[in-house]
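First chain A sits with chain B, and in the next complex the same chain sits with chain C.
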Partner chain A sequence: MPRSTLHIFFSTGCWMVLAFLVLPILVVIPVSFTDTAFIGLPRDGLSLQHYETFLRSPKWLQACLTSMWIGVLVAGISTILGTLFCIGVWFLSDRAATIARWVMIVPILVPPVVQSLGFYKFWVVLGLIDTHVGVILAHTLLALPYVTISVFAALTNLDRRIPQAARNLGASLPMTILTVIMPSIRPGMIAGALFAFTVSFDEIVGVLFLTVRRVETLPKVIWDGIQESIDPVIAAVATILVAITLFVTVFGLRGRKI
Partner chain B sequence: MPNPIISVRNAVKTYGKVRALDNVALDIREGEFLTLLGPSGSGKTTLLSAIAGFLSVTSGSIHARGAEITHLPPEKRDFAMVFQGYALFPTMTVAENVGYPLRVRKMPNAERAERVRECLELVQMSGFADRMPHQLSGGQQQRIALARALSFKPDVLLLDEPLSALDKKLRADLQWELKALHDRLGVTFIYVTHDQDEAMSMSDRVIILSDGSVQQEGAPAELYNRPRNKFVASFLGKSNFVPAQIRKQANGTYTAQVAQESFELSAEPEVNIDGKACLAIRPERVRLGLPGLECFAGRIRQISYLGERCLVLVDHEEFGEILISQTTWNASLPPEPNMEISFGWDCKACVPIAEN
Partner chain C sequence: MSEKTRYWMLALPALALMMIFYIWPVLNIFGISLTEPEPGFGNYTRMFDSNAVKVSFVLTFRIAAITTVFCLLLGYIVAYTITTYGGRRAPLMLGLVLLPFWVSVLVRSFAWIVLLGRSGLVNDTMMDWGIIETPLRLMHNELGVLISMVHVMLPFAILPMLANMRGISQSHMMAARGLGASEWRAFREVYFPQTLPGVFSGGLLVFVLSLGFFITPALLGGGRVMMISEYISYQIQELLRWGLATALSSALLVATALVLIVAGNFVNLRKTFLERK
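And now, the complex of A and B:
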C-alpha cells in the first residue's frame, strides 16, 4: 500500500531527526558515570566519583552559584526593562514605535563574537572589565530581544479597549499598567524571564571577552576544564543540567494543563 | 438649553486629510437618553471617544457642567463607558471587574462588596460573582460591563454599540431593559449605534451624523416625520424621492407641484428652497389603487411579502422606482407583478427636502 509506505518513510524520518537532536545530549549521561579519569564510556562499572568531585569542589559549586545569581538578576532586569519598553511601544503603536521594536531585535542578528568585541571595547572605557556588573549588563542587553519578542506577542493579543476601560473607570495610567495590563501579559513576561535566564546561564563568548579571574561563571569553568584537561566532571555537570531542565519542563507543562 | 451636562463646541478631529469630526456642536441635557446615530465612518465613535477622553480633538472644546474638560485625562472625567466587545478584564472575576472602579477609588472592602452585590442584582447577575469573564455568554458579559460601569454611580453613561455583538432576539430584550434602567436611575445615557431601530426605540433624542458632521437632531418621531435632507430621509427608514416645484401662493401658503398634480404644504418649508426641490415620501404613506383612481400610473415590478405588510416596487415613467409599503390584512387588491396600477399620496405625506 503506497500510503502506508509513505507513512513509514516519514515516521522513520521524524524519529531520525529526533534521535539526531537528542542522542548527543543523552550520551553525556553514561559518560558522567564513567569509572575512568578521562572522558569516555564506563569500562569496568559505574561510578559516582565525578559527581562527588563536583559536589566537593568549591570551584565548581561557586561557578554554579555565580551563574545562577547572575542569571536571576539578568532575568529580572531584562524582564522589567523589556516589559516597560513593550508597553510603551504598544501604547504609541506608530511608525517610530514599530521601528524601535525592530531595532530592539537587531542584537539577535549580530554574530556573538562581533557583539562581544563591541562590549569589550566599550567596557574597557567604562572600567567594567572583569566585574560582575559588566557581565550582568552585557547579558541583559543580549537577553532583551528575547524578552521583548515574548512580551510583545502577549500584548498583541490584548484588546486595546481594556486599558481604555480601566482609565475610563478611574484608574491612572500607572495603575492601569499594574492592575490590568501586567496581569494580562504575565505568561509572556514569565516566558521572557525564562528565556533571559537561559541566555545568561549558558552565555560563553561574552564572558570570555569580558572577564579574567574575578568572575567565574559555569560555562567559563567548563570551558577552562576542557582546555586544561578533559575532565569527566563536565559530563556530570551536563547531566545535572539536563536533569534540572527536564524537571522544570515537565513541571511547567503539567502546570499549564491544570 | 438649561445647563447642559456636556457640551461639545466646534469639535474638529482630522486624521491627515480626513475630517473625522467636522465642526460638531451639541449640548447634552442632564438625564436624557441621547443617541448618536450614523453609518460606519460617520464619526459617531470618534465623537464618543473624544467625550470619554480617549482621543483629543484637533480643535474645539468639550465642557462638562460648564467646566472645560477638553484636555482632562479619561480617569478624571467620571464618565462610565460600556464598550463594544465589553472590554471586561480577563484576569479578574466578575465581582472584581464590577468592583474595579471602587477599588481604584479606594472604597473600603466591606462597602465595596455590598455595592458590587447591589450592582449585580441590578443587572440580574447575582449568581455569577465568582465566574471569570470567558465563562459567560455575550449577553451575560454585556450585563457585567453595564454593572461595572454603573458601580461608581457616574453622572453619564457612554455606550458604544453595546448590543451589536448579540443576536437579534437578545438585542430586542436588552433594548427594553436598557431603557427601563435609564428611566429608573436617571443617569444621562449617550448611546452610539448604527442601528436605526435601536436609536428610535430607546432615545429621547437622536443626533444623526454623516461624514463627521451633524445632519439633524431631534426626537425620533420628529426626525422620522420631518427629515431635513436626503441622507436623513433615507438613513432613518426608507423614502421615495420625487422632484417637485415649490411655489408660494397668493394667500401665503406653499404648494408642491409634482408632474401635473399640486399638493398643498402644511407649513413653510424649513429648508431653503428656491423653486426646484424634492419631496420625501415614506413608502407606507403611498396608497395603491385601481387604475384611474389615484394620480399617478405605473407598473408593478416586484413584490416582497413580509408578513404584516408587503413591499411593492412600482416603475413610474418620470420618478423611476417608487417603493410602496402596504399592510396585508386589509389590502384592497392583491398586487401582482406586471399589473398596471395607480398610486398616490395626500398632502400630509409630502416632506420637502433640499436637493443635495
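And now, the complex of A and C:
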C-alpha cells in the first residue's frame, strides 16, 4: 500500500522529534572520552582520563554512595507508607478518601523552589538542616505522590471481591493485605519504588536549600561542577548515568507490552 | 475499632507525614510573607511596585506558554505516529520517549550547555565548517532556555496524549474514510476532536510544571533570563530577603492554583494528575 502524504508527514516529523529528544543527551558520550582538559570533542585520540579522575576522586565516589543509600532508603520508606495509604483509601473509596489522595499529590504541583523554602524554614526549627535525616524526610515527601499514583493505579485493577472473600474466610486485615492484596499490586509497588528512587537520586533544588557541606549528594556535586567550571569529569559521570538509564529502560520495556 | 477507622489507620502515617512536614511548611510561607521583616503587607506592596518582579512574572508566563505550545505540537506528532503508524516500531519509539524522561534533568541541562555554549559543539562545528565567523549566542538567553525547556517537558506532553489516543478506536476514522472523507479530513474532523482531552491534559501538565521550573532556566539562562523561581532563590541566597521571597512564592502558588482552577473547567484534573499513567 502506498503511504499517504499524512503518513509520511507524521512519520518523518516523529523521527525528527525523537532525534531531538535523544541525540542531545548522547553528546555527553564523545565528550567524556576527550583527551583535552576542557569540554569538547576528542582531538588526537580517545582517552579514559576523566573516568580515571572520577574513580580516583573521593568527593565524587562519596557523593555517588550517599545518593545511592539515601535513594534506597527513600524508596523503601515511601513505598511502604504509600502502599498502606493507598490500600486504606482504596477500601474507603469515599469523598474524604479522594481528598486525601489529592493531598498526597500536592508536591507535584508546588514549584520546587517554593517547597524548598518551606522545608528550609521548618527544618531550621527542627534542627534538620545539613543532616541526612533532613534530606531523607524531604525526599520521602517528594516521592510519595509518585508512589501513591502508581500503587493506586494497580489497585484499581484489583477486584474488590477478592480481599472481601479472604476476610469472609476469616483472614485478618493485616493478613489479607500481606497475602492477598500486596502480591497482586506488586508491579505497581515496584514501579512506585523505582520512581521514588529516581526522584531522590535526581533531586537538586531541595538539597541546595537544605544542605551546606556535611551532606553532599551526586546532583549537588554535578551542580557545583557546572557552576564553577565545566570539567569533562561531569561528562564522564553523565555518560555513566545515561548508560544506566538506557540499560534500565531497555530492560524495563522488554517485559512490557505497549 | 470499626472497619472504617482501621482503614483510616492505614492511610494515616503517610497522610500525617504529608500534612505536618509538607502542607504545613508550605502554608507557612504565606505567614512568613506577612510577618517578615515586620508585620503587614509591606512585602506585597513592594512586590507589586517592583518592575523587576513584573518583568520576571511576564517572562515566566511567556516561557511557560511557548514551551507548552511547542511541546503539544511536537508531542502530538510523536503520540499520533506511535499509536497509528507505529506497528512493530512502536516499542522502540516509546523507548526513545522514555529514555530522556528517565535521564536526570541536571544531566540533560549539562548536555545542552555542552552543545549551546559559546565554545560549545554547535558553535565549534559551524565555525569549523565556515558557516559562521563568530560564535552565535545560543544560551544565556531566552532561546537557550526555551530549547532545553521543550526538551525536558516533551515527555510530559507525549505520555498523556499517548494514553488518550490508545483509547480511541481506529474504526471511526475508517468509517469516515469508507464514507468518502479524505484521510486529512477524517483525521481533522473525526480523530482530532477525540484527542483533545489528552492534548489539554498534557498541555496543563507542561504549563504548570514550567511555571515553577528552576534547574534548566537557572543553568541555561545564566542569570539573564530570570524566571520567577530563580528570582525567588536569588532573593534568598544573594540578598537574604525572606520577606520578598516568601511574598513572591505566595504569588506563584496562587498563580498556579488559579491556572488549575481555570483549567479545571475544560480539563479532567483527576485524569491529569491523580490517575496519571
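The criterion applied here is as follows: the second predicted complex is superposed on the first by the 250 of 258 C-alpha atoms of A that agree within 3 Å, B and C clash if a C-alpha of one lies under 4 Å from a C-alpha of the other, contacts with A are read in each partner's own complex, and residues count from 1 in each chain.
The definition used in the following text is that contacts are C-beta pairs under 8 Å (C-beta built on N, C-alpha and C of every residue); 3 or more make two chains touch, one makes a residue touch a chain.
None of the values given here were measured: they were computed from a predicted structure.
Novice: Both complexes share chain A, so when I overlay them there, do chain B and chain C fit or clash?
Specialist: With chain A aligned, chain B clears chain C, so fit.
Novice: Anyone got the angle at chain A's C-alpha centre between chain B and chain C, nearest 10 degrees?
Specialist: So the C-alpha centres give an angle of 90 degrees.
Novice: Among the partners chain B and chain C, which is in contact with a greater number of residues of chain A?
Specialist: C
Novice: Figure out whether A:Phe10 sits in contact with chain B (first) or chain C (second), or with both, or with neither.
Specialist: Once the two structures are laid over each other on A, A:Phe10 reaches chain C alone.
Novice: Have a look at where A:Leu81 lands relative to chain B and chain C in the superposition and call it first, second, both or neither.
Specialist: In the superposed model, A:Leu81 contacts chain C only, not chain B.
Novice: Counting only touches as set out at the top, which of chain B and chain C does A:Ile162 meet: first, second, both, neither?
Specialist: Once the two structures are laid over each other on A, A:Ile162 reaches chain B alone.
Novice: If you stack the two complexes on chain A, which partner ends up touching A:Leu141: first (chain B), second (chain C), both, or neither?
Specialist: The answer is second: A:Leu141 touches chain C but not chain B.
Novice: Under the stated touch criterion, which partner chain does A:Met68 make contact with: chain B (first), chain C (second), both, or neither?
Specialist: In the superposed model, A:Met68 contacts neither chain B nor chain C.
Novice: Touching A:Val22 in the superposition: chain B (first), chain C (second), both, neither?
Specialist: A:Val22: touches chain C, not chain B.
Novice: For A:Ser184, decide between first (touching chain B), second (touching chain C), both and neither.
Specialist: In the superposed model, A:Ser184 contacts chain B only, not chain C.
Novice: Report, in whole Å, the shortest distance between any C-alpha atom of chain B and any C-alpha atom of chain C after the two complexes are superposed.
Specialist: When the complexes share the chain A frame, the smallest chain B-chain C C-alpha distance is 9 Å.
Novice: For chain A, what residues appear in both contact lists, the one with chain B and the one with chain C?
Specialist: In chain A, residues 173 are touched by chain B and also by chain C.
Novice: Where on chain C is chain A touching in the complex?
Specialist: On the chain C side, the touching residues are 4, 6-15, 17-19, 21-26, 28-29, 32, 74-75, 77-78, 80-82, 84-85, 90-91, 93-100, 102-115, 117, 119-121, 124, 151, 154-155, 183-184, 187, 208, 211-215, 219, 229-230, 232-233, 236, 245-246, 249, 252-253, 256, 260, 273-277.
Novice: For chain B, which residues are in contact with chain A within the complex?
Specialist: 52-54, 73-75, 77-81, 83-85, 87-92, 100-101, 103-105, 148-149, 152, 158
Novice: Which part of chain A faces chain B closely enough to touch in the complex?
Specialist: Listed in rising order, the residues of chain A that touch chain B are 159, 161-162, 164-173, 175, 179-180, 183-184, 186.
Novice: Where on chain A is chain C touching in the complex?
Specialist: Counting only chain A, the residues touching chain C are 4-7, 10-11, 13-14, 17-18, 20-22, 24-25, 27-28, 31, 39-41, 81-82, 84-85, 87-89, 91-92, 97, 100-115, 117-119, 121-122, 137, 140-141, 144, 148-149, 152-153, 156, 173, 177, 198, 201-202, 204-205, 219, 222-223, 226, 230, 234-235, 238, 241-242, 245-246, 248-250, 253, 258.
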